[in-house]
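The chains carry the letters A, B, C and D, assigned in the order they are written, with residues numbered from 1 in each.
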Amino acid sequence: MSDGDHANERPAPESRRKGTSQPSPEIRKTDDPAPFLTRIFRSLTRHRSADAQGADRGAGRVAALCHALLSERGEVSGARLATDVLSAYRALDAPAVDAFFDFLVLEFSPDPAAIERAADAYHAIPSQANLIRLQAAVEPPRQELFRRFNMAEGGISLLVEMRRQLLPTLGAHPQRAGIDIDLLHLFRSWFNRGFLVLRQIDWRTSALVLERLIHYESVHQIQGWDDLHRRLEGDRRCYAFFHPALPDEPLIFIEVALTRGMTAKVQPLLDLKSPVIDPATTDCAIFYSITNCQMGLRGVSFGNFLIKQVAEDLGRAFPRLKTFATLSPVPGFRDWLIRASQSSAPALSPKLMMLLETFERGAPIEERLFGPELRAEITRLCAYYLLHAKRGRAPLDPVARFHLANGARLQRINWMGDTSQTGMTRSLGLTANYLYRLADVEHNHEAYAQEHHIVASHQLERLARHAQHVG
Amino acid sequence: MSDGDHANERPAPESRRKGTSQPSPEIRKTDDPAPFLTRIFRSLTRHRSADAQGADRGAGRVAALCHALLSERGEVSGARLATDVLSAYRALDAPAVDAFFDFLVLEFSPDPAAIERAADAYHAIPSQANLIRLQAAVEPPRQELFRRFNMAEGGISLLVEMRRQLLPTLGAHPQRAGIDIDLLHLFRSWFNRGFLVLRQIDWRTSALVLERLIHYESVHQIQGWDDLHRRLEGDRRCYAFFHPALPDEPLIFIEVALTRGMTAKVQPLLDLKSPVIDPATTDCAIFYSITNCQMGLRGVSFGNFLIKQVAEDLGRAFPRLKTFATLSPVPGFRDWLIRASQSSAPALSPKLMMLLETFERGAPIEERLFGPELRAEITRLCAYYLLHAKRGRAPLDPVARFHLANGARLQRINWMGDTSQTGMTRSLGLTANYLYRLADVEHNHEAYAQEHHIVASHQLERLARHAQHVG
Amino acid sequence: MSDGDHANERPAPESRRKGTSQPSPEIRKTDDPAPFLTRIFRSLTRHRSADAQGADRGAGRVAALCHALLSERGEVSGARLATDVLSAYRALDAPAVDAFFDFLVLEFSPDPAAIERAADAYHAIPSQANLIRLQAAVEPPRQELFRRFNMAEGGISLLVEMRRQLLPTLGAHPQRAGIDIDLLHLFRSWFNRGFLVLRQIDWRTSALVLERLIHYESVHQIQGWDDLHRRLEGDRRCYAFFHPALPDEPLIFIEVALTRGMTAKVQPLLDLKSPVIDPATTDCAIFYSITNCQMGLRGVSFGNFLIKQVAEDLGRAFPRLKTFATLSPVPGFRDWLIRASQSSAPALSPKLMMLLETFERGAPIEERLFGPELRAEITRLCAYYLLHAKRGRAPLDPVARFHLANGARLQRINWMGDTSQTGMTRSLGLTANYLYRLADVEHNHEAYAQEHHIVASHQLERLARHAQHVG
Amino acid sequence: MSDGDHANERPAPESRRKGTSQPSPEIRKTDDPAPFLTRIFRSLTRHRSADAQGADRGAGRVAALCHALLSERGEVSGARLATDVLSAYRALDAPAVDAFFDFLVLEFSPDPAAIERAADAYHAIPSQANLIRLQAAVEPPRQELFRRFNMAEGGISLLVEMRRQLLPTLGAHPQRAGIDIDLLHLFRSWFNRGFLVLRQIDWRTSALVLERLIHYESVHQIQGWDDLHRRLEGDRRCYAFFHPALPDEPLIFIEVALTRGMTAKVQPLLDLKSPVIDPATTDCAIFYSITNCQMGLRGVSFGNFLIKQVAEDLGRAFPRLKTFATLSPVPGFRDWLIRASQSSAPALSPKLMMLLETFERGAPIEERLFGPELRAEITRLCAYYLLHAKRGRAPLDPVARFHLANGARLQRINWMGDTSQTGMTRSLGLTANYLYRLADVEHNHEAYAQEHHIVASHQLERLARHAQHVG
């Protein structure tokens, strides 16, 4: 971490005394200096402005409390100490939070020297005992620290918030990847499917939760309470996963419309004045929006479970439902089209190329601009895009990636399915239906997972073929 | 794992195909053979009886399902596969469970070669990325496997049960320590204090839970429903920790008597016919029994939190309560006395030595045998035992170890405090009161944790001093 | 109301000022002493022992509190006053409760003079307004008093208890019938079906409620917790009605066994060691016990609703269930047989008459005493008894009356269906199955209600016919 | 519906066969014809338009179902029949509802001849038995009918709705008073304080209930969800009474602001942007709005209980609260002032009289129009109004009547306490604080109830005195 003459620079040295997270300076001297930590450390401690020093001090105080929480005292007074840590952390401003992340790297990472020793011992004798020692040596003290956060009321939600704050800083601070991994590891364990509770959301749900749906919904923004109310009427369903320790905080939610026939268009669904259909007369459940609420839980996947469980539950409640499908955006289509227009395959008609250019120059995208030929061409190209445009071996379109990996089948694309400005801008108004046939989901998923094989309807496949020939 | 000519010996090769947990044979050949696994493996595969082979087959089928659960398919069909694993596991008989533990070692342990490579890379460049790789390499696939168990209804309780079955086998199978550590690691994360729910248990509690209290209580066995009912009357309190995923399963519970003055004797508390006192007239809360219910959660500590939270809650509900203390057994006293009688310090009176001998030969231990002198001597010796008899630097008596580490103060010992046969046999009828003064608990705990300093009343200290001199 | 010289006779005159309670009847007719009230009053006030005077004093204090509760003050301080009334009432011993009932008659009955006046006014002009005045005049102040009891915690359960105490005294005190009618009127309103909550009782139910089932069950007594537990296993169901204001107090409960085929015998059902059947394999729901818990609610009928709702709920939960039937005692059979043996129709065989005589003399009733002929004869006679023995136009057997009035069909009688001592003694071991076919219940009920027509199986009718011819 | 000869006049004769509600025609002929019923009936049956005949037919169908519900069949198939009645009633349009009320009068009133007979019998022998018969004779069959409504889901809320529809028709149809009394009688029994549940309303309450608060609040209208949210922040409390059978339907609710000092002004309380105060720093609970939600429950008083229980609950939760007071409108002040200006006592200043005139002619009422002298005069007059203006012996102001009858003390009047248009128009901007001192409430109430004595602060009394002298 440092050579001898920087001994005094160590932050919060008194809290380090008891800590187990750091090599003692002697070890670091005789062993190898940990170059990457040293570099961070130097960058932290020199040339800092007064503001930065203030941030350091605030962050340092939180770090000191964290050391106490990890110490012996933490075992007996954990709840109180954890409460102190939480309050202190919450009082930090953005620069101090940033400084605190550096403390988490510097003072709560595994000890490189201890890792070396454990690795050497395991190398010599790869016994179970030596493996256990090596596992212990590589586990960052942060993990136990984070677990102890949870002894205080609100610990878990603070950790989710902390990761939300951390994620945008990872690009500029690659050394913080370890914090991220520790939090993600913890969240995967804590937000394990087995602990999640599926709750139906309706007009009897608390305003506190409903308000959060309004806030979080990002696919088709909710325009206030009246809009929300329409989405919770008798021909709609909404479900969310909750964690028992966060009873007011939806983790992910899905909005479903019960319809007659597979819906192609978004706008009628979102129309506040649309008539409420008797659900007993419907045959189709349309998943028209699915929203991950917690940025801080990125990488913990819920959507997959949610769709399938909701489909199963609805199927039981309404045996007449025959079709379970999404009504999804095609968010990457127009961008891809523009790039395609600059390459050669598939070829675009001159008319379409010209039109795209006018859009690029800012002309409004309106339905009336597309005659029958353009409509046919664009539809074919969209089929081609969904089936053949790739990022690596996977589909380029992120929504396609999600549903196909879940075992859905690409069933249909819909002309002018979303005429909102976003819909027109991103995908020239096209939407897609992904079909969830519960009996096929596993098989589809495996075909996709092993071969990146996309299961699509014949119609889609034919359209995509024509795109190549005609284009 | 093996040299070339044993390639065919690999058990359950079909389940290995998809698995990601194991090095491929080529790697193992070119790298170093994993000697300890090989040894296990050989012991497993030779000289097996027909029964043992049947057990292997059953266990192998569960292991194959486990591989599926860990595979790609597990991601999409996890809940179903986990349900299959659970049913299959539950159908195993004891030898098959034992065989399955071997599979867990053989097929779901980290890959030694991968560890070596990751350790080498980290040795060369101790970067964050290499650290993360090393952490991944040492994490057993079992951990993810166990997390996926939890996707099925009942997963968590099966895992607790599995560890209960595993623990007694660790002595004979040290290579299984890794399984134990993985489960313990998981349980410490899942049964984190922040997720536990404290519930008061009373006569309005479900019979399902109450029946389990009757079953689990081990300090002072509950003699059926009437006994339990008396323990839940108005002058008693009972609290338990629960996990939200196991709502009917108490993890630990504590029984409290609200009394006037600090109770010395167990039998009146347990008397079904004892009059029920108005709790408003009491000044003392006596913790007379604390029971860990789940053998499979050994090592996940709850008791510490429970006592303190219950003391705080009761203090708020009954501001007149001044004293929070246990009425505890002294389980190791007589055994220690016998050993002491064979050594020199502290010296025992000839009368006591003679009496102990008759007990050893089977004479019943009765109060009438102890005259005033013996009573005084034994009491002093018990004080000496609690304060000075050690295992390492900690008290020899396990109950003392628990409460003193929690920050309690050894307040009093009580002659004929427990005249049940168990009480007489284990401690010549003595009981101890450990005092929980919330204001001192943290300080006491630290003194104990750092110096193994025992905080005791003056009376106890004086008694202990006299034991040495007079003995 | 009276002329001057009787003024002093009025009891509790100060409370009468506002009250409308009672003049004596004589006063009204001849304006001379009212015999029945006077008698009560004199019996209350003269020649009373010291004990009785103490009871009067206690009851008088409660009555005075009742007047306060009914007064202006009661409107603003009702909850407190009602609480005082409740405590004071609860402190009364049996003689004081009895005296209090007299106060309820004397001081909280309608005012006869006011009734006369209102009746006269209505007679003169039968207008709506005069009708309303007459309705007000005949309503006893007790009704409002009882409603105000309910402002205190526990008011409703005290009223139920009060009626339980009142009922046995009605025979000796016919003037108390009005109290009974007022309470019944109130209870019919409060315990209206629309307010009752049907709850399934199982092993997750609170011990407080379960303990009461054990206490109340009177058809087939529950022999402690193990017996209860067996009755709540997977092949059994238990349901009870509760009132929201009495959440721990079952009003009525029914025990159901899910069986394969219509059960004939009680003892296997009650056998603690009987194997638990998978409910998915059953086709029959047997109602084997239905218990009204609250003596004080006699006359408020619940059973009728309970059976039908439980049958409907079970039918939805287990579509395979085809038969819903009771397994019922035939409680009046033997008594009737004895009386029949002394009359001429239907004629009993000499052998049976002799046997009945030995039973009357105390000989134990055992299965081995009945040969095939006796068995056939007794079975026929039982069919005859159920179909033709009457009380008025209704069946003599009270259980038959209940189920037939509910719309059930008398389906089968079972030889040695209940070999318990009670079963043998009351009905020579016979049991009956009443069948609840939901589709026929209303029709059966109407046939019964209008014509006392009993719907029975052909087999039962044939048996009953043979009883007459052969007997 | 019929011509003059009476045989055919019986409405719904088939349903009458079983009914007990009506005298048979013979009786009515030979006895006295019930003149008032006949008159109603004739008015109903002649000169009816086609529309009216349609309404009669619809209402007649409901009435026929009601007869069935009251019959034997109702006892066994009550739930189904009640459900049919409810649906049929809900399908009625306004004229048909009106016609149905006439059926309730004609066919479900007590039988006059039966009343006469019972009254005669009671006159002859005023025994308990005859009293009971008379009570039965005067009870309208409607009462039992309404009780049976409650066997269906939603019965109770339909009855509340029915009374809401009935009330406005009573003026024109005095013969319907009996229906009203029956419903009120039922509701007083069913909505008895002992059955009501006090629930705190906050942002965790269901949107369904919150939406109803927005709808019902009439004192200070709630301007949408943001306004409601502000009223549920940390320095506010809201409580409502609910009935267990109507869990989503608030019966009455009260809004409370926790403040520092007794608030005088409405507008700051209603300001959405007002800062949220830490409730721990407040000393005063201001009841600033109390709303009866159910028009159909008019006459069943809840407010009295609600204020007192909320004051008690808040006092326990926040021991620092010293003052419990309302911030109330003075709704009748300006109207009274105008009338006062036309009489002689108290005399108004010419300036004030002129100003009132300009307001009457439509000039806007604005604060700047009132100089210090007018302010002083108006304040005095308002004190005079509240203390001395009467309706009978009670205060003329309805809000004063309510709070003073509840035992509150008139504490203060506030200049420009409500500057909303309503506030200015009704009371020239004045508001009043009524103080609820729990210790005095009962005493104040009794003084008011017995003598109409108004408890007011000295300041108010002085102001009122000056009004008379100076005026």
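Note that a contact is a pair of C-beta atoms (placed from the backbone, for glycine too) under 8 Å apart; a residue touches a chain by one contact, two chains touch by 3 or more.
Here the structure is a predicted model, which is why all the values come from computation and not from measurement.
Trainee: Pick out whichever of the two, B-C or C-D, is joined by more C-beta pairs in contact.
Mentor: So, comparing the two chain pairs, more contacts are at C-D.
Trainee: What is the chain whose Cα centroid lies farthest from the Cα centroid of chain A?
Mentor: If we average the C-alpha coordinates per chain, C ends up farthest from chain A.
Trainee: Averaging over Cα atoms per chain, report the distance between chain B and chain C in Å.
Mentor: The mean C-alpha positions of chain B and chain C differ by 54 Å.
Trainee: If you average the CA atoms of chain A and of chain B, how many Å lie between those two points?
Mentor: Taking the mean C-alpha position of each chain, the two centres sit 38 Å apart.
Trainee: Between chain C and chain D, what distance separates the C-alpha centroids? Give it in angstrom.
Mentor: From the centre of chain C to the centre of chain D is 38 Å.
Trainee: In chain C, what residues contact two or more other chains?
Mentor: Residues of chain C never touch two or more of the other chains.
Trainee: Spell out the residues on chain A that touch chain D in their complex, using ranges where they run on.
Mentor: Within the complex, chain A contacts chain D at residues 203-208, 210-211, 224-225, 229, 248.
Trainee: Which part of chain A faces chain B closely enough to touch in the complex?
Mentor: Interface residues on the chain A side: 32, 34-36, 72-73, 75-79, 109-110, 112, 115-116, 119, 122-123, 126-129, 131-132, 134-135, 138-139, 147, 149-152, 155-156, 174-175, 177-178, 181, 186, 188-190, 192-195, 244-245, 304-305, 406-407, 441-442, 445-446, 449-450.
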